[in-house]
Amino acid sequence: MTRLLELLAVGLSLGMLYALIAMGFVIIYKGTRVVNFAQGSLLALGAYAVARIAPSAGFWAASVAGIVITVAGSLLIRFLLSRARGHDHMALAIATIGVDVVLTTELTRRIGPDVLSMLDPWGAATVRLGGVTVPQARIAAMAVAVVTLGLLLMLFRYTGWGVAMRAASADAEAASLMGIRLGRVATVSWMIGGALAAGAGVFMSTFPSAGLDSHASTIALAAIPAIILGGLDSTHGAIVGGITVGMAKSLTAGYGSELGFLGAGFGDVMPYVLMVAVLMWRPSGLFGTREFIRV
Amino acid sequence: MLEVGRLAVHYGKAQIALHDVTLTVPDGAAVAVLGANGAGKSTLMRALSGALGHHRGTVDEGTITYDGRSLRGLDAAGIVAAGVVQVPEGRRIFTTLTVEENLRAGAVLVRDRVARTRRRDEVYELFPVLAERREQRAGLLSGGEQQMLAIGRALMSGPSLLLLDEPSLGLAPRIVGRIGEIVREINRQGTAVLLVEQNAAMALSVADTAYVFEVGRVRLSGPSAELRKSDEIRRLYLGGDAGPEQHGPTKPGERAPARWSA
Amino acid sequence: SSKATETADSSSGTKTGPGVTADTITLGALTDLSGVFGAQGKIIVQGNQLYIDKINAAGGICDREIELVVKDHGTDVQKAVSLYAETEPEVLGYVQMLGSPITSALDTDITDARTLTVATAWSSTLLKNPDMIVMGNTYDVETVNGIDHLVREKDLKSGDVLGHIYFEGDYGNSALQGSTYAAEELGLKLEGIQVKATDTDLTAQVTTLKSRGAKAIVLSVGPRQTASVAGVAASLGYDVPLLANTPAFDPSLLSTSARSALEKNLSVMTSIAPFSSTDEGPREVAAALPEKFPDTQPNSFVNLGYASALVYAEVLDKACENRDLTREGVNTAFRQLKNVDTGGLTSALDFSATGRQPSRQTYVTKVDSSVPGGLALQGPATESETAEGYTSAG
Amino acid sequence: MSCPTSSWWRCSCGGRPGSSAPGSSSVSDRTNLVSRVLPAVGLILALMVPFYLSGFWLLLGVMVMAAAIGAIGLSLLVGTAGQLSLAHAFFLAVGAYAYCWFAGAPGPGGGGITLTGLELPPLLAAVLAVATAGVAGLLFSPVAGRVRGLYLGLASLALVFLGQHLLFNLSSVTGGFNGRGVPELSVLGFELTGRDPELTLLGVPFGDRERQWYVALVCVVVASVFARRVLAGRPGRALVLMRENETAAGVVGVPVSRYKASAFVLSSMYAGLAGVLLAQAFQRVVPEYFGLVLSVEYLAMIVIGGLGSVTGAVLGAAFVTGLPSLLSHYSGLLTFLAEPGTSGVDPAVAARLVFGVAIVAVILLEPGGLVALGRRLRLAVRYRADAAGPGDPGSPPDPVGHSALPPQDMTTASS
Amino acid sequence: MSEDTILRVDGVTVRFGGVTALDAVSFEVAKGSVHAVIGPNGAGKSSCFNVLSGVYRPVAGSVRYAGRELVGMAPHRIAALGVSRAFQNLALAGDQSVAENLMVARHHLTRAGFVATGLRLRSARNEERRHRERVREIAGFFDLGDRWDVPVGLLSYGERKRVELARALAAEPELLLLDEPVAGMNHHESWAMARQIRRARDEIGVSVLLIEHDMPMVMALADRVTVLDFGRRIADGTPAEVSADPEVIRAYLGADEPTSDTTAGDDSANAGSGTVGATTDGTATDGTTTAEHV
């Protein structure tokens, strides 16, 4: 029983990380309908910047700088995409793969064999909550995810942003005819997405992970089932999806020997199995905008 | 005042859609544009509202000025900010958004919450069925309901010049009548209107002046009252109730295909 | 047709084949420089380069200069296969081939073309390829020696539970074979958990091992996973010895928050001597590295690259002696090497039989941030009693 | 026209970017000639290649051709039928492994594994492998009945992960992590992809790479001609309407779920064939290869080439598969770069950077992909040629349309 | 069902959540007739077509066509029986030419599958040629001859509408369902279109079921008219009868001059919950289920 509780706590803590990563994808998708395949390398960029700056400027200043740098990076992508002749979302998504290749290659070269530490204030500290241990860094990640979600909800509620974003992604031409500045919507989406990537990058590299190394950018892919589970265009879906995937992973890893008949390493497949199951039940994820055709 | 001077537009590669179009919409006036399918009416609207780019069209030459300011260099959102709002052809409502959200999207430039709520209520008053369906996904509305929503959405921003591309499309006769009234009412309150319509009777009854387009050019223009009297206009756009036999195919000599036997 | 057919011609009494001309011998290195293992690949190339420079400075081999052609496959199997096709006709063999999916994929090509290749990995499956050079003992033997060490030095007793966290694939499987064997021999209960390179938070795995009461953990993973395990265990107050295979440690872990935990509990089993070793070979490397590659941090992977080139040079020397620098000749020479002395870079290597461990001795090293490379030697390489009865299944 | 929300792959209605301009029939004679002569010339050149180029180039060619077949299949599914799929790597794996299992001999594999195999004649095994891939596609197609667009794409990703999991774990069939060797494709003892019996033509020894080249060439020509015809014909039209508006397609008479299934089957059969060919090129199939990255690469191929176009798929395959190899092949020439092993930008890193930039550049220049880019360049050249020729280049072409008002003088009452 | 009835709709009810789009609607279409369905926006006309073409499955009621029950039948099977439809909101493939868009309507008339098409078997080639000729003829009939090769996405709205219509006819239907065929056309064009529809009926012999808001056209074209309001049938009869029906005038026409398509005033915009038309047979349904897409 305590083992189950512990594993659930682990899942929750891991899930916070996925939630943060997923949220970055979701915001960019929501505002521009582009699936940003470069999100992983943006994550690594943010963490890399923090790791390089923190030794001289301290963690907090470095975090601000890391966010600024990542946002600049994601705005660069947004600028590049805006130069494209046409608005084919698929093509734009593929263009982000190109960006990802460039960024990842360069970061891999710079990081080299090192495992870079974030020098974060939480270190390996943990808190005991009702008999289970949760790393402080993950609690911070949870706080960031929830605060961001809250801010976004406020933004959506008290300004026209939410509607503008959804209108822009539903029909760009009609949205611009309503005075919605597509460019601005895209810019803001990419900025938030970039900032979230930096945040996720930092938390991905803090305890209980060892730090940032050259594999970092591939880890973002593990958040894909989380995004789909929750619904591609839903911010709270990202959080729910993230936690679900975290739980699924931790439980399958924890009960690995009981689940041995599924083959070794089923923990990585589990989130995908869960994802397909959810999609068969709700084809647009738990909270995603339902698609329909009416004639 | 909107002034269009010698406007020429083409799509893609050398698909000329407008040629030497000159037209004015005085402040507070209502102007109608008539013309056959493919005459370039929607193209004119797109050129005015800055949406040509979305259709791979470009303005080749000519001027578009509104209140002395050129609209040619502005993007669509800039043109809306200048007070010129279009109801696009084919409705183009946001299908995944609810009715209410569609209206909200029409008012993104309106900062004042109170004004926003007031306008929304006005729209609901104009089209009560929208109020009933306010939480429904717009894409699930009936065709005519969608058209009402498209008009309502454009009204939300409180434009000084409203461009309407076939507002009566797919609306029941009673509503068409109401649309006419609404347009007249909007116009009376000081909003200038440029109206593209196939329902010429309604258009001419609303507009002070009208232009008739043909193959990308202005074929005729003049006060509505005079155009109403023209035989050609009567025959092609108004129709004394002649019945179908009076109207042959647009090109002579087309045979009806015989019954197919496989 | 302009397409030339290859012929192995002879001059000055020495038979030659592809990759060998009158004054050069060309060797290849198929490695990852830009992909996920780019960092490691680069360091091993540096090691290769250092030794080849040394040889060339001393007049080369068989009056021929050694030339190194480095190609980057970015750990992409398809690219590696086409790079092999591209380089194979121009090189004699490969002084480095990184990545086990790649060595697996090229396995048959290598035997077909007889390109003697240093596999930069230690899985037991490599042993059966007659044209593959394995630098030391494979992961299974390494692990058996390591577990034996735990029993002798770390109070692990018969009946205890032993945890083993391993990567999927050759590396992990090979190590798992070793731990399975050792656990059976020593009466331990093995609890294995498979992870992937993308798992960086191993809390769930450590929690499970803790609740199962594992008294020690073997790590056949990457450096990040090692650090995560050490850190999580420490934070849970779970204080057990950790044992890592060669690829599971990197000195840069010492700048992370897991440092003290690693220093306290981690030993690394390896057949490559640590950078800090004071034997002749490692000292030579330590002296040469800062001169040519001043940016590179000390790391025992340099030793690996250096030793690989050294072994290859020995082979070529032998082949030169035999007056046969064709691929067949090189292979014959390779199998004649019964006792290669790498000057303490590795334990002594014996390549005389296909399918057998070149060495069954393993160094036990401990994490120590005060020495360059972060690993301190605990004694000479030894073969444990338990390992004596073990033969690789591969 | 309101936007069907299911068109995840482009933002709005109206003209498809890069769709051909109307009125091109006037030049159709010339384009016809070009489109007939060009392929013939290309084919003759392709037939001559093995006599001139070395093994590296032949292998590269085989890989590009195999990828092209896979890409054509994916393009049919994604570009034409509108069913986004990231499962292509899985279907490639099914083709490759099924072939190995059908044709392979039982016996010991690596790592203490005992392999099974049916030892069927290789050609039959290849056909069965393609069929097996088709069946796999058929089994997956019901998911597409429920899940659409990007969700379908990412759901199909589950197949890749599940597939790799199986490849690692079903080791008696797949050989596990180390994969299994690939039997040569042969007819009556003559190896179509191997070296046995030895063969020399016009003084050139015909080894495995040369033979593989021809096998791949035949396959790619057949596959692309077949796909082109399907697209231009009845099934193609049905698929396109299904993509644009599934409900409408049903009402117009297209059995939608059957066509979805057919699209999946055909596409995965193409993938299966590509898998068989790739297996021949690699001579060993390893599970690691058939992962997410491969699926994404195939998607990149069809988008970079131009969605829904057969030529585009081939061009995209050449770009994504060939370019990195070419770049690293020639990157050594860039002497200003750092030596490999140093921490500077070495040729390998430079090649990768250039590849990334090239992807971005192609899409920014022309989201319609390489085909559209090519078409645009051709048009530009033609316009220049026309302008230089007789006729008044300044006069606008006739606006298309028809007159409603009879041409009759009428007093224009100007305001 | 009598000899000369091609379609009988009986007690069809469709619900979406709280909305009852069709409420026990019944009517009959005589063979060879032009039958109009009119009614205010949102009255359920298109939903009715969706039931007929198999897109919606009603919670109650039946649809008999040429002796077959259509409810529960898949859309493509209904199409194969000779029921063809032009959509209110265009449903064309924008990047395909007019030719391809029309050819797809021949789907149920043709056989060539993937293999035959891919291998270009003789049968497939012949079939393609024969049908292309025929379709070209139909395009000519709708004055689309010179647009044959143009991608539909580049056409103006009215032109696309004509393609939509031509496609419906290209299916060689027995029963043609036209949802607002002349919306977006000017007077002259509408009448030309009306003429084509009548000729299709007269010369090819199709029966036509038509939704239209252009009252003069309905009056001139339809043999019989069914009026829906809030999902209920409020009237059914000849054009003259219906247009004189006060209920229809109140709910739909909104003017004392029923056939006028010009302005008219009506203030009671939402007075639709009036009495049910006399002939409604009002089959009661409990229907807690909602209609679903099939």
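Going by the order they are written in, the chains are A, B, C, D and E; count residues from 1 in each one.
Methods note: a contact is a pair of C-beta atoms (placed from the backbone, for glycine too) under 8 Å apart; a residue touches a chain by one contact, two chains touch by 3 or more.
Computed from a predicted model, the values in this text were never measured in an experiment.
Enquirer: Touching both chain A and chain C: give me those chains, sorted by label.
Expert: In this structure, the chains that contact chain C and also chain A are D.
Enquirer: Find out how few touching-chain steps suffice to connect chain C with chain E.
Expert: Shortest path length, in steps: 2.
Enquirer: By mean C-alpha position, what chain is farthest away from chain D?
Expert: It is B.
Enquirer: Quick check for the class: compute each chain's Cα centroid; which one is farthest from the centroid of chain E?
Expert: The most distant chain relative to chain E turns out to be C.
Enquirer: Of the chains present, which has its C-alpha mean closest to the combined C-alpha mean?
Expert: D
Enquirer: Measuring centre to centre with CA averages, how many angstrom lie between chain C and chain D?
Expert: Between these chains, centre-to-centre, one finds 39 Å.
Enquirer: State, to the nearest whole Å, the distance from the C-alpha centre of chain A to the C-alpha centre of chain E.
Expert: One centre to the other, that is 48 Å.
Enquirer: Would you kindly tell me how far, in whole Å, the mean C-alpha position of chain C lies from that of chain B?
Expert: The separation of the two C-alpha centroids amounts to 74 Å.
Enquirer: Can you compute the centre-to-centre distance for chain A and chain B, using the mean CA position of each chain? Integer Å is fine.
Expert: 43
Enquirer: Quick check on chain C: which residues sit in contact with 2+ other chains?
Expert: 34, 42, 168
Enquirer: Counting only residues that touch at least two other chains, what does the list for chain B look like?
Expert: Residues 11-12, 15, 35-36, 38-39, 54, 90, 92-93, 95-96, 139-140, 236, 250-251.
Enquirer: Which positions in chain D are in touch with at least two other chains?
Expert: Residues 1-3, 5, 12-15, 17, 22-23, 168, 245, 247-248, 251, 343, 349, 352, 400, 402, 404.
Enquirer: If we count contacts the way the header does, which residues on chain E are in touch with chain B in the complex?
Expert: So the residues of chain E in touch with chain B come to 16, 19, 39-47, 88-90, 109, 134, 137-138, 140-141, 143, 154-159, 161-162, 172, 180, 183-192, 194-196, 198-200, 203-205, 213, 215-216, 220-221, 252-255, 259-266, 269-270.
Enquirer: Which residues of chain B touch chain E in the complex?
Expert: Going through chain B, the ones touching chain E are 11-12, 15, 34-39, 42, 89-90, 128-129, 136, 140-145, 147-148, 166, 169-178, 180-181, 198-202, 205, 235-239, 241-251, 254-260, 262.
Enquirer: Please output the residues of chain C touching chain A within their complex, sorted ascending.
Expert: It comes out as residues 34-36, 38-40, 42-43, 168, 191-205, 207-208, 211, 222-228, 231-232, 234-236, 250, 252-253, 255-258, 261, 297, 299, 301.
Enquirer: Tell me, which parts of chain E touch chain D in their complex?
Expert: Touch residues, chain E against chain D: 53-55, 74-76, 78-80, 84-85, 87, 89-96, 100-101, 103-108, 110, 112-114, 117-120, 124, 127-128, 143, 146-147, 149-151, 153-154, 157, 160, 167, 171, 186, 188-189, 293.
Enquirer: In the complex, go through chain E and note every residue touching chain A.
Expert: Those in contact with chain A are residues 46, 50, 55, 87-89, 91, 293.
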